[in-house]
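Next up: the structures, one after another.
Common to both upcoming complexes is subunit A, partnered first by subunit B, then by subunit C.
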Partner chain A sequence: MGLKAVFNLASKDIRAELRTKHTINFMLLFSGLAVIFFSRIAGNYVAAAPEMGAGLLWLVFLFTGMLGLGRAFVKEKELGTFDGLKLTPMSSEEILAGKAIYNLALMLGIQSIIFPLFIIFFDFPIQGSVALAFGVLTLGNLSFVIVSSALSTLVLNARARELLLPVILLPVLFPVIVTSVSALNRVLVGGEGFLNILGEIKIILAYAVVMSVIAALTFDFALEE
Partner chain B sequence: MRKIYFSLAIAWVLFIYGSYNALLVFPPISSPANPPMEELYRNVFFHVPINASAFLGFTITLGASILYLRTRKLSYDLVASKAAKIAVLFTTFTLLTGMVWAKPAWGTYWNWDPRETTALIMWFVYLGYFALREAMPAGEPRARASAVLGIFGYASGIFTLLSTRIFPSLHPPTLGLELEPKMGMTLGLMITAAIIIFLNLVYLEIRLERLKEKVTRG
Partner chain C sequence: MHAIELRDVKKRFGALQVLRGVTLSIEKGEAFALLGPNGAGKTTLIRIVATLLRQDEGEVRVAGYDIREEAREVRRRIGVVSHNPFLYEELTARENLEFYARAYGVAQSRVDEMLERVNLAEREDDLVATFSRGMKQRLSIARALLHSPEVLLLDEPTTGLDLKGRQDFYTLLEELLGEGATLLMTTHHMDEAERLCSRGAVLHSGRVVAQGALDELKESVESLEEAYLRITGEGNGA
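So, the complex of A and B:
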């Protein structure tokens, strides 16, 4: 087992998703709608105060991820393949890593379409490097998928799990979202470079590392039934 | 039960003596820049002890959650959930006492100050913890899920404090707060009283739960 198994699991999920495109299509539609709603409702205010933009963009990702990322495990449960997944000789950390990579692929797909769409609809005046902004978004989404993949298994057996997941996920994600919005703002609006946002990047990275460690240590228990 | 009455009696004596000192004995401090503060500083004798015991409670929840996952004894789950329950209650009081103080001191009830933010996020984390518990039937799976969330939530609280630290804080420093010796001692008494009351409430909650189990089992 090891890395190969992790990538096999991730690529299995990605191939299955590309065949049906159920999750990614819904997520794209939803996030596109969210951008359009935000643009219509708050577009003029963002034009006057561009600092609002990064926060709105992150809200779009947050809502979209909340709806879509839990699917990685719920899908297995609904299709009855969850037990099969647990019976594979993969360790629980490998299963988590595979699912997190699949979720990251989903979020990166959304990100590469929604970020340009957002810039277009808001006519956003970009001061800094677009590549750096994209990198910051990716880093934030990485933390996002680690925590949401790990916590989404906790609600599998709960009542009203679709409602419950955001309630337990949002407060845990709060620090990384706020930091990511601040970094994104400094790049997009402040035109600041990599070295200026190093403090924020360190916090996001530290968060990703600590949460991965906790997730890896506790995932055994989260998978049990 | 006798021990409970005894320690609660001590806690109340400490609390009443401390409150008497804090509210009636100590003179107003000089605060020419912000006159309302001359009297309002007394809030510190209530705000700090409540917050200290709430934070202790969240730490107990973390410890009990880890111990539960290691030993699988449901009694640890009981301790974790009850400590979290009382800690959420105490955090509510922390937020309220903080807000009534923040209005005259900083101008608004809510300022997104690092400590305010951390307290609020911890409050929501553990409300989510109870939402998760409510949504599952009692037993092993619920205990496991909430223990895992208890660990994630605590880490998120630490990161909230860290991440807001890059912005300047309005809150007076927690450590190295300068008080006259007599005031410091009163604050110490109040912290002791709050922690004793906190632990007793947790203990009573646990006892109540055990009795409930006994009754339903017949």
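So, the complex of A and C:
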């Protein structure tokens, strides 16, 4: 796999997104509103049982990701540029990796704004390292974008693709979200360090690797009409 | 070795048999027209040759490479221009070509060369969204020619172009033909086929119903248009 080709595709998408801000604006608006809603509805419960916080935070990322991550391929399909992309000598793995990097950039942008916003709006009593919690979220989001990027191509030719994608995504993402929520809780609420959550980190990393391999193996099939 | 060779190519979409055993060969440096009514299978055939679709049966070779086994090699050797220009509207003309140049591993100097060639150097920093249909199509040719392909596949490339746009497009294609490019094009415009191509085939219901030199196809009739209507049976009801 050529890294040049991967970053060429990712930087093209990031440049186009920074120019139009079509996807990122909606994702930010949605996630910001979700944090405010959740804090008004469940703020008192989270204050009484802080373990709920990590789950709610992940729900915000999950819904936001479902809203925007599929767009990376859908936009190419709608504009008719997907064929142009497939006509280049880029391998399917390079196309998938380029799109996943673009999606990760989107999610990291959202995470950088929403995570502090979440802490502020919930007045969250952080016991552990914020940097470690951010790292755990990033790993979780890495797995999320790998799976969502790969699955969004599977539903690309379906009529109700926007409805189909979340239905397929949720069960596949279940293990990584549960593990990420557990690790996040141990850091944010339990005040535990890196070595204590190494088990969860290994699971999330293994999940990301396994999903990358599966995505690479099935992506050729997904690209075919 | 033929530039493009198709042997008994069949393609089905669900219950619909779109191609029913198409056999064609196109020589290097030849301009070949693929004619036929809507739904004849022309676009499906071009998409198969372009590696965008897989045939169900049969063999397709481009520049000697099998499109199923050596798709990446084929992609390095073809340029595709269709009614869809495959351009990113939120990027400038230059950014579009730079992206494709990097994807093909072509030197960035080639971008300047192509922008000059299609007369878009002065608009290189403008967003493609601000371009007219004709300008987009010229930029699309620049995109398709960036990597100096051996074979150019054109799928109704002048759809939506005005008269001036079409004339500019023909001039550019004639220059390319003069340089020895191989061209396979689908078109509804008989004048387009006559102007640019020496040989052609008429596709009807997924079958080649006539093929040969365009002069031969219209031998017994006044025009290629008349020959086309006679061959496809579309003139009977008139």
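Structure notes:
In the analysis below, the second predicted complex is superposed on the first by the 224 of 225 C-alpha atoms of A that agree within 3 Å, B and C clash if a C-alpha of one lies under 4 Å from a C-alpha of the other, contacts with A are read in each partner's own complex, and residues count from 1 in each chain.
Rule of thumb we're sticking to: a residue touches a chain if its C-beta (ideal position, glycine included) is under 8 Å from a C-beta of that chain, and two chains touch if they have at least 3 such contacts.
Just so we're clear, the structure is a prediction, and the values are computed from it rather than from any experiment.
Of the two partner chains placed by superposition, only subunit B is touched by A:218; subunit C is not. Applying the stated contact rule after C-alpha superposition, one finds that A:48 touches neither subunit B nor subunit C. In the superposition on chain A, contact of A:175 is made with subunit B only, not with subunit C. Of the two partner chains placed by the overlay, only subunit B lies in contact with A:147; subunit C stays clear of it.
Within the superposed three-chain model, A:3 lies out of touch with both subunit B and subunit C [touch as defined at top]. Greater residue coverage of subunit A by touch, when subunit B is weighed against subunit C, goes to B. In the superposed model, A:15 lies in contact with subunit C only, and not with subunit B.
Of the two partner chains, subunit B is the only one that A:199 touches; subunit C does not reach it.
Of the two partner chains, subunit B is the only one that A:164 touches; subunit C does not reach it.
Where the contact sets of subunit A with subunit B and with subunit C meet, they give residues 224-225. By the touch rule above, subunit B contacts subunit A in their complex via residues 69, 121, 124-125, 127-129, 131-132, 135-136, 141, 144-145, 147-149, 151-153, 155-156, 159-160, 162-164, 166. Residues 50-54, 72, 75-76, 78, 80, 82, 84, 86-91, 95, 99-100, 102-105, 143 of subunit C touch subunit A in their complex. Of all residues in subunit A, those touching subunit C in their complex are 4-5, 8-9, 12, 15-16, 19-20, 79-81, 83-91, 224-225.
Residues of subunit A touching subunit B in their complex: 147, 150-151, 154-155, 157-161, 164, 167-176, 178-179, 182, 199-200, 203, 206-207, 210-211, 214-215, 218, 221-222, 224-225.
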